[in-house]
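What follows is a set of structures to go through.
In the two complexes below, chain A is the common chain; its partner is chain B in one and chain C in the other.
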Partner chain A sequence: MSEPRLKIPEGWEERAPEGWEWSELWEAVEVGKHIFTDEFVRKAIDTGINPRTILDDGLFPGFNLQGDRFTEQIIFIPEMLITARAMKAGLALIRPLLAAQAEKPIGVFVMGTVLGDMHDIGQSIVAIMLENAGFQLTNLGTDVHPDKFIETIKELKADLVGFSALLSTTVYYQKVTIDEIEKAGLRDNVKILIGGAPTTQDWADEIGADGWGRDAVQAVKQAKRLIAEPRTAWA
Partner chain B sequence: MSENVSVTFVDGDGKQTSRKVGRGSTFIDAAQDLNLDIAATCGGRGRCRSCRIKVLKGILPPPTIMDQVQLGPDEVHEGFRLSCQTKVIADCTVLVAPPIAEGGHKILGAGVSEDTQFHLDSGIEKKLVAANTPKDENHQTSDMEMILVALGEPVNGDVPIEVLRKAPDVIRAKGGSLTVTTFNHRVIDVEPGDTTRHKYGMAFDIGTTSIVGSLVDLETGEQLASVGGVNPQAVFGGDLMSRIAYAQFNPQALRKLRSRVLAEINGYVKEVCGNNNISAGHIYKMVIVGNTCMHHIFLGIDPTYVGLAPYAPTVREPVVVTAKEALLKVNPNARICFLPIVAGFVGADTVAAVLATRIHESDHIRVMVDIGTNGEVVMGTRGRLMACSAPAGPALEGAQIHHGMRGAVGAIEKVEIDGDVTCETIGGAPAVGICGSGLVDAAAKMLEAKVINPSGLLRRDGGEGLPEKIKARIVEGDNGWHFVLTWAKDTGKDEDIYLTQQDIRQLQLAKGAIYSGILMLQKVMGVADGDIEELMLAGGFGNYISTESSVAIRLLPNLPLEKIAYVGNAAALGAQMALLSETERRRATTLAREIEHVALATNPDFQEIFVKAVVFGDETKRKSRTRTRTKVG
Partner chain C sequence: MTIGSHGLIIIGENFNTTRKIRGTSPRVVREGDKQGLSYTDLDGTVRILDIPDPLPEDPGELKTTMIPHIGLALRNKDMDYIRWAIMAQVEAGAHIIDICVDEMSHYPEERADWMRWTVEAVQKMTDVALAIDSSDPQTVKAGLEVYDTSKSRPAINSVNLEENRLPLIPMAKEMNAYLFANAGGSSGMPQNAQDRVDNLEQLMKMMDDADVPMEDRFLDPLVFPIGAGPDFGLHYLDAVKTLRQRYPEVHIFGGHSNTSFGLPGRKGLNNAFIVLSMLAGCDTLMIDPIMNPPAELIEFRMAADAQTGKDEFAMKYLKYWRAK
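== the complex of A and B ==
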């Protein structure tokens, strides 16, 4: 295993104004300085840098570095969460601008922890990574009723939905929620991804999910795989 | 095992006898070979403590479950063992039938004054009376009326049908001499002649993994026997949540779980009655504690919703049923008393432990921590008590740890790092794995030696600055980086025994869950570390971990070690107190109502606290690990 390194975006200088420097932002996201991140991104926006560029060249390098380290277990939940917080501060400013530019997300993703379950630490890490990967993400939080999933899927015309469950008692509701989506006649419109510590690929197969993610990186991989698969288009 | 080891027995007069015995034979067999008399009242089945020995010198053999049950955690800790159960594993010197401090019903913990000692008032009264049979047809009366007249005190409620069925014979058998048994002034039994001497009760703590119980003489308060073993439901799911998942929406599975535990308890009843020559009909009261799920299953109440948010129990008030309703084979009208519950994951066992530790009577802040897969924390003083559940998961029992194992022979339980690593194993046998206490100790020592840093990172920089022998133990293997505790040649299984980075992360989650529970209660109650007068470690695991290491890795707050005490199975003790005293049982009800439950999941501060709690120190520095590009120009 090689040590994850900061991947400096190739040719970033050409996309930035003369004398511009991203390294402080890379580091700010890496160590999780959310206030600094917020200020820096505002400055970049005011300077007139393209929001897509701010995201790719400014925010991603530090985040991806931590994401790789988290997967390699070099860092742990605390470090990952503060990086996620800084990233979110940046994203909050960038997202509306991307939308205004009519930039399309790579897919609409609805995420939540299933009924009966209050665990969301893992799920929130998965959510931010999916968002970074270009999905338009709606996180319904914890203890989410199947009806709430269905309602949101319909409303947002979701492409993908993800269910997290951390309890032996609530993995059952991953199945129930899939069954309900089926009953609602939406099963062919969305791809379903499941995860959480007690889940396995076998369980995903058994309940008819389309994919399973062991961790956040796998979650993104699976989501990208599934978005490319054929689905019935929303009316 | 053919290898021979030497055992020396010392008797009460100081006389010593030694011999070589085969490794693995029991102490009692070794003694018998030497014609030394060790009394084994129960026939060498680990059911009494007459054959106890104390290990004076040499390696302490690992305690068996019967050692735990019969002798209790304190005695086991001090080196007491049952000679019929414990095997000779290495050279040692043991004292035969050493005096054992009859713990009796001592109240646990500090700051308990004399007047908080409880009184014997079990609620069960037996009275010998002389009743006349009805004589005159013109005088309207009945057998039962005559018995109650003879009893001469007001009674409450209806007389149970079993008693009515016995009454005609009982009143006539011994010329009207009969014994009436009441529970809180309700008639529960009548017997011919004088049986007032026979008045027994049992207390049980039903845990997810093990059950412990005792038989007590309700007249004298004396403990006559203790019983215990593995919870037979475990085959349907080792941990609590999988037990609930098994019974989830499945009445048949619930019946199966229930009948398992009932059969076990009825087995214990039979066993103690046989061994002590008493009749099961003379057991009139039982107090049962356990976590909410065990409680519900025992009563045949569906535990499904305990396992789903908002994790609400079906009943929290104390439940009292008759033995016949509970399907227990003691006196059919014996009262089976379940202590009250606080929340889905703060059960009757916690209430009993609070009762026994008297947190509610102390003037200063005391904390009780049950370190377990589903742990609990209780904090407070007279007037205010708070509790939360702290779901550590099974890492501290050795599960989900690469070389993890339960605390059995060959488990590394202590680690020293000083130039190189030395490990102590249970029973002194070659290492075969690492148990929870070893894991905590290893992490503490690795932290101190700078093999891991406070964020939990196992060094992967080549170990610059570390002693050569330590450096050599940091290895990159198939499961990522790991730290070798025992090299293959010194183990009992021909492979290096090590901790992986992943193991450290699992430990962080487990200890983080416990510590965040403590931190959360501190925050809600406004308690600083310095305000804590005593922290008590309850439950089985608590007895074996090093307090120093627990503090070092912040499984426990940074308190002076003398403020941390082991209190053993406080829940079982609390159950006994409620058995012997109705005052105590009532107190449990008030207590349960007073304990405020703090739900961690819905508390907005939880994540922030958890993040602090998973690291191995009080403060983490935010520092870039790699130098990003230095500023241009």
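== the complex of A and C ==
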């Protein structure tokens, strides 16, 4: 395993004005300076840089670097959290501009913690990371009844649904929720991702989920993989 | 039985099927195609817990492999390992041993069977009190059904405001069990100190109505990891302070090791949080008694009480010191 490195976007100079530098922003996101990130992104917008370019060339490099380090267990949860917070500050400014350019989110994602489970700590981290990755996210919170998932999936014509369970005793409701989605006839329209401390790839396979995220970074990777897979289009 | 006669009750938290050891741990031993987890038994013998599934060869994969050693010992029915995991905590000074088998199965009936089997197996080894721990009240019930109350009093871990858990209150009275009550709400986790106090006050009223003796009640305001929120430590400590003022006689504790979840150097973080918790008003600690040895904590408690006027003329401290 090699030490994760900052991946500098190829050809970024051609997409930026003469003399522009992103390196300060890369570092700000990496170390989680959210106020600086906000200010820098405003400056970039005012300079007239394309919002997509700001996102890809300015915000993602530092964010991805920390994601890789988190996966490698070099950094810890709070370090990932402050990076995600900085990323979110930048994205809050970029998102309306992307929407104005008619740039679509990469997918519609519905998430929540299953019925009987009140935990939201890990879930809120995953929510920030998915939004940062470009998903249009609806977080139903905790203790979500299968019917509520189904209703929301239909209403939003969701591409992906993810449910976490943080207790060994509520993990069973991931199976129940999948079974109910199947019964409702939606199974082919939506990809299903599960996660939570007591879950494993084996459990995901057993209950027929399409993917499993060991942690927040893996959840996003799985979501990006699944969004590219074929599924029945919504009527 | 008098538990915690030195003013501190210790609940050993290690017998929990969620407990995992990294694949890279020095305890992992490989010999040919066999692999296992080494441990030194209380009599000094080095023994091996068998790991039936092969561990990955790839170092990157091994790093993220977690070995659920308590769950493995139960599946292997390795009585030596089970005895060691229990008795090492008793030797270290735990008064109550928490038993949680939730991760043995995602299916309720299987989980209940595992709890019955485990309680019976452990009670053959020791007379120490066991806390029957599950977030599923049916699993708790299963453990209590087979509990041999001639050996010790059971503890129920735990009730909170979730509706399906409330029957555990009258059950505690009926079974003459200690009752752990946590600050979980009927439809969500507490968001601050006030929510914790409010939820536990409601449970205190229900325990009054069910006539559960004050000395059998253990309030748990819920410890959340500081890695996930900078205020989580204070939410807990402030709730402990308020509850201690309101209820001078009740037991108050938390899962103190939760504070350091996801952070490195857990022993030091836990020790600091344990001390802060004791100063806030906890008289009970749910901890890993191997990582954070109770003897030192009891000494701290006795000394701190003597130094803050809670132990007149240091009489209790001196008694403790003579008995040491």
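Brief remarks on what is shown
What we mean here is this: the second predicted complex is superposed on the first by the 221 of 235 C-alpha atoms of A that agree within 3 Å, B and C clash if a C-alpha of one lies under 4 Å from a C-alpha of the other, contacts with A are read in each partner's own complex, and residues count from 1 in each chain.
Assume a contact is a pair of C-beta atoms (placed from the backbone, for glycine too) under 8 Å apart; a residue touches a chain by one contact, two chains touch by 3 or more.
Since the structure is predicted, the reported quantities are computational estimates derived from the model, not experimental observations.
Under the clash rule set out above, the superposition-derived model of chain A with chain B and chain C contains a clash between the two partners. Of the two partner chains placed around the shared chain by superposition, chain B and chain C are both touched by A:73.
In the superposed pair of complexes, A:11 makes contact with neither chain B nor chain C. Residue contacts after overlaying the shared chain place A:21 against chain B, while chain C stays out of touching range.
By the touch criterion defined above, A:118 reaches both chain B and chain C. Once the two complexes are laid over each other on the shared chain, residue contacts for A:82 go to chain B alone; chain C is not touched. Legend: residue contacts after superposition of the two complexes on their common chain; A:143 is shown touching both chain B and chain C.
By the document's definition of touching, neither partner reaches A:230: not chain B, not chain C. After overlaying the two complexes on the shared chain, residue contacts for A:167 are found with chain B and with chain C alike.
None of the stretches 307-315, 415-423 or 469-477 of chain B clash with chain C in the superposition except 307-315. Residues 1, 72-73, 76-78, 81, 116, 118-119, 121, 142-143, 167-170, 172 of chain A lie in contact with chain B in one complex and with chain C in the other.
Chain C meets chain A in the complex at residues 17-18, 59-60, 63-64, 102-103, 106-108, 111, 134-136, 139, 162, 184-185, 187-189, 224-229, 262-264.
Across the interface of their complex, chain A is touched by residues 237, 239, 241-242, 244-245, 248, 304, 307-309, 455-457, 460, 476, 480, 501-502, 505, 508, 601-602, 607, 610-612, 614-615, 620, 622-626, 628-633 of chain B. Residues of chain A touching chain C in their complex: 1, 72-73, 76-78, 81, 116, 118-122, 125, 142-143, 167-172, 175, 197-198, 203, 214. By the touch rule above, chain A contacts chain B in their complex via residues 1, 3, 5-6, 8, 19, 21, 23-24, 26-27, 30-33, 62, 65, 69, 72-79, 81-82, 115-119, 121, 142-143, 167-170, 172.
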